[in-house]
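Paired with subunit B in one complex and with subunit C in the other, subunit A is shared by the two complexes that follow.
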Partner chain A sequence: MTSPGYGVTLRGVTQRFGDTVALDDVDLEIRPGTITGLLGRNGSGKTTLGSLVAAFRRPTSGEVLVDGEEPWENERTAPGVCLVRESGDVLDEDRLRDNLDFFAGARPTFDRAFAAELMELFELDPKSKPSKLSRGKKSAFGITVGLASRAPLTILDEVHLGLDAPSRYAFYDTLLADYLAHPRTIVLSSHLIEEIERLLEDVVVLDRGRVLLTQDADSLRAEGVSVTGPQDAVDAFVAGRTVLGTQRLGRTTQVTVRGVLTDADVARARATGLELGPVPLQDLFVHLTDPRRRDGVVAAKVPGEGALP
Partner chain B sequence: MFDGRDPVYLQIADQIRQDVLAGALAAEEQVMSTTQYATTFRINPATAAKAFNQLVDEGVLYKRRGVGMFVAPGARERLLAESRESFFADTVDPVADAARVLGIPVEDVVARLRERAAHLDATTPTTGTTDTEAAR
Partner chain C sequence: MSAAVTTARATRRPSPLAHALSRQLGVAAYLAVWYWAIALVVLVIATLVVWRVNGSVDVSIVAYARQSAIWFPFSQAILLIASLLRVHVAAGMTRRTFVRASLVTAVSTGLGYTLVLSGLLLLERALHAAVGWDAEILEQGFELVGSSFPTMVGELAPALVLANLCGLLVGVVYHRYGGWWGTVTLPLTVLPIVATLALAGEWFGSFPLDGLLDPAGDAPLLTGAVLALVTAAVYVALVRSTPVRTPR
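Right, the complex of A and B next:
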C-alpha cells in the first residue's frame, strides 16, 4: 500500500496580522490518512491555518510540518498539498478547460478522467470562465479541482458554500467514495457540521485562534449527553459534572453535559425517571464555543435560555 | 438511520448483533465490508471498522485475511444466551414500572403477554431456538 497521505504538525504556531492574533501558540496534529473536520466559528483561525499548511505564508513564530517537513518553498511537499478555499482558488479569467490543463500540469496526482466525471456531475461547462459562474457553480468547480487533484493532503475550506442540497450530498458521496478508493488526508472545514460529521474520523475545534480540542469524532460524540426530566432530579444528577447548557420548559429541565456516563450512571438516571439523549456534534460545538461559556460565565446559571427543541 | 444515543459504531455493531440474533445473518455468512458500510450509510470507514473490531473482540465475527468478515460459528447461540440474561432487567422491568405508573394491574399485562404469544405461535415459525434451521 502506498502512503495514506501527509500528516500535519503544528508546534507553538502564532500568526499575527498587525495587532490581531489569528493563531495563538497552536499545537496541533492531523493524522495522515484521516478525514479530519476543522471546525470553528468565523474568525477562529481556520483559514489562517489552511494558508500556513499550504505554504501560502509563513507563521510569525513556531513550526509547521507537512509530512515531516517545513512546507515553505518546499519542492517536494508543494505538489502534494491542495488547498481550496471558498473563492475556489482557480484562475478566474481562464476557461474551466484551461484551468484543468493548468492543475493537471502542476500536480502529478491529478486525474483528468475523474475531473471530467465531476464536471458532468456538477453540470459545469468546460468553455465557461470561473469569473462568469454563479456562486454555487464556482464552488462546484473548486471541489472538482480539489478532489481530482488527489493530493496526499487536500484541504477543503468551506468549499460547498452556495451549493444546493442535492449538489452537497453528491459532493459528500463522491468525496467518501474517492477517499475509499484513493486513501489520503482530507481536511474538511464547514459550518454545516450536521451534514459532514459522519464523514469525519477526527475533529479539530478552533476557537479565537486556539485549539479547543482535537479528538476522534466517535469518542467526542459519546461525550455529549442530554439529561431531561424534573428540575430537582436533573440538578441532582448533573451535580459535579461539566454542564454545557441548560434549557427549561415549565417544570421540565434539559441539561447538556460533557463526559462519558458509566453503566451505573445510566441506571441511576433511569431509576430517577430521567431521559438520556444524544447530543449532535453541532450542538456540542455550539455549546463549547459559546462566548458566555468561554468568558467564564457558567451557562447552567443562565435561567430560561429558551424553549426545549 | 443511526440516530440513537450511542455513537454510530455502537449502533452498527448492535444492528449486526440483531441480524445475527434474528438469523438474518447465518454462521459463516459474510457481512458487508467496511467500504460497503461506509458508502451505504455515508459514514467514515474508520467508524465502520470500529464496529467490526468490537464484534471480532466479542467473538460475533471473525476475519478471513484478504477476504472479509464472517459470522463466527456459535455466535447466535452466545448472543441468545447473553440476551436472555439481560431480557428481564432490560425489557420486563421497564414494562412493570410503566404499568404501575399507569395503574394497569399486572394480571392484565400477563394476560396480554399470553394472548400475544398465542398469536405468534399461530402465525410465525418458532424463533429464539438454537436450531438455525428453525429460523429460516
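Right, the complex of A and C next:
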C-alpha cells in the first residue's frame, strides 16, 4: 500500500541559535496525505521546524524523519520535499520562466502546464524577474513554484504575505482543488487562521518552541464551546472544565471552554438559560496561546478583561 | 514508499548533478563570453594606443589581462555561492550535488580562461614578431618562461584554477559565518591563490625561499595542485554541513 505523500516525525528535536531555543524537545507526527495547519505566534518555531524538515539545517539534537528517513543530504527524499518561505528561494536575477525551467529540472513531480496556469491566475509576467516584483507578486510566484512542484511533502510558510484578498482566496481554492486531484502532504503555516481553517485536516499549534497541541481539525473545533449568559449561571456551568478565556459585559459573561459537551451538559445549559455556540479555530488559537494564560496569570474561572464581541 | 515517488521515477529527467552542472556551466560560459569579448576589445584598443604613442609595441599587452582573468572568475565564484546555494537546496537538490557541480565548474572555468589566455599570448607574440616588435612582460612578479602552448598552460593554470576555488571558499565562508567572519578570514581563504602567485613569480626575491622553487620547473604546478586539493577539501567540508541561511 502506498501513501499519497511523505509523513513527518520529530523525536525530541531541539534547535538552538546561540542562547535562543527555537524548538524545545519537540515530539511531533504529521500524517502523510493530509493538509496540516502549522499555527503559532511570531517566534514560536514554525519556520525553524520547516527548515529542519526540508533539510535546510540540522537540529541541535533529536531526530527528524521524512517518509521514514533522515532528510539531511538524502538523495531520495530531497526532491520530494518543497519548502516555500516568505523570503522566496528563487533565482532573483533570472526571468520567471527561466526560474520555472530550473525548478522543473530539479523536481521530478513538477507540472509545467500547471505552473503556466498559476502564472496566469496570479497575473505574473514570465519575462519579469523576481527582484523586480512587488511583495505580493513574489509571494504569488513562491506559491506557483510550491504548488506546481507537486512535491510529496509541500511546506508553505507564510506564503500569503503581501497577497491581496482575491489572490489569497484564489490560492486557497487552487490549493484545495489540486490537493484533491493530486493528494499529498501539505503543511500550511499562516496567521490568517480564519481564512485557511476550511482547508485544514490536522492542526499543530506551536508555542515558544513547544508543541501545544496536535489534533485533527474537526475534533478540535468540536472541543471549543462558548458559553454565554448570566455570570452566576455561567460560573456554575463551567466549574471543573478547562476555561480558555472569559469576557464580561455588564452582567453577561461569555466563557470559552475546551472539552466535549455531552447531551446532558447541553440540556443543563439550556435549562439554566445559557447559550452555547461554536468557537472558531482562530479564537481557540488565540486563547490557547494567550501569554497570560500560558504564564498562569489567567486562571480558570477568573474573569478576563475585554468586552463581548 | 509514496505514490508520488513512484510516479517521479517514471518521468524522464536529467540527474540532479547534470541539471546543476548545466546551470552552473551555462552561467560560467555566458560570463566568459562577455569577459573575453570585452577583454579583446580593450586589448586591441590598448595595443593601438601604445602603437600610436610610441610607434611600436614592445610589451605584452595581453599579459596585463592575467590579473583580471584571475580576479573576475574569483568574484564570479563568490557570487555563485551567494546566488545559487540557497536556491539549489530549496529546489530539492543536495549539497553534495552542488559541491560536485561547483567544483567541476570552477576547474573548467580556470582551465578555460587559461587556454584562452595562453592562446592570446602566443597569438600576440606571433603578431609582434611578424612586425618586428618585442613582447616583454613588465608586470612585476609575473614570469612566463615557457614559449610553447603546453608549457604556457602549465604555468598559468595553477593560479587561474585556484582563483576559482578560492572564490568558492570565500563565498561559502561568507554564507555560513556571515559578513564579519567572512571578512576576518579573508587572509586565510585567499591565501592559496596569493601563495601560488608568489611562488610562481619573484615575490620572494629578497627571501631565502628564492631559488627553492624554480618558476620554470614543475614546482609551481605541484604546489598549485596541492593547494587546489586542500582548498577544495576545505570547501567541500564547509558546504556539506552548512545550513541554508535566510536572506535578509
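Brief remarks on what is shown
Here is the rule we use: the second predicted complex is superposed on the first by the 300 of 309 C-alpha atoms of A that agree within 3 Å, B and C clash if a C-alpha of one lies under 4 Å from a C-alpha of the other, contacts with A are read in each partner's own complex, and residues count from 1 in each chain.
Everything that follows uses one rule, which is that a residue touches a chain if its C-beta (ideal position, glycine included) is under 8 Å from a C-beta of that chain, and two chains touch if they have at least 3 such contacts.
All values reported here derive from a predicted model rather than from experimental measurement.
Steric overlap between subunit B and subunit C is absent once the structures are superposed on subunit A; the two fit side by side. Of the two partner chains placed around the shared chain by superposition, neither subunit B nor subunit C is touched by A:49. Note on the composite model: angle subunit B-subunit A-subunit C, taken at the C-alpha centres, equals 150°, rounded to the nearest 10. Of the two partner chains placed around the shared chain by superposition, subunit B is the only one that A:278 touches, whereas subunit C remains out of contact.
Looking at the shared chain after the overlay, A:34 reaches subunit B, while subunit C stays out of its contact range. When the two complexes are overlaid on their common chain A, residue A:206 makes contact with neither subunit B nor subunit C. Of the two partner chains, subunit B is the only one touched by A:176; subunit C is not. By the touch criterion defined above, A:218 lies against subunit B but remains apart from subunit C after alignment on the C-alpha atoms of chain A. Number of subunit A residues touched is higher for C, counting subunit B against subunit C. Least inter-chain distance for subunit B and subunit C in the combined superposition, rounded to the nearest angstrom, is 19, based on C-alpha atoms. Those residues of subunit C lying in contact with subunit A across their complex are 1-9, 11, 13-14, 16, 19, 22-23, 83-84, 86-87, 89-96, 240-241, 243-244, 246-247. For subunit A in complex with subunit C, the touching residues are 2-6, 32, 47, 51, 54-58, 67, 73-76, 78-83, 85, 87, 89-93, 102-103, 105-109, 149-152, 184.
By the touch rule above, subunit B contacts subunit A in their complex via residues 3-9, 35, 38-39, 41-47, 50, 94.
Only residues 34-35, 172-173, 176-177, 179-180, 198-201, 216-219, 221-222, 225, 270, 276-278 of subunit A touch subunit B when the two sit together in their complex.
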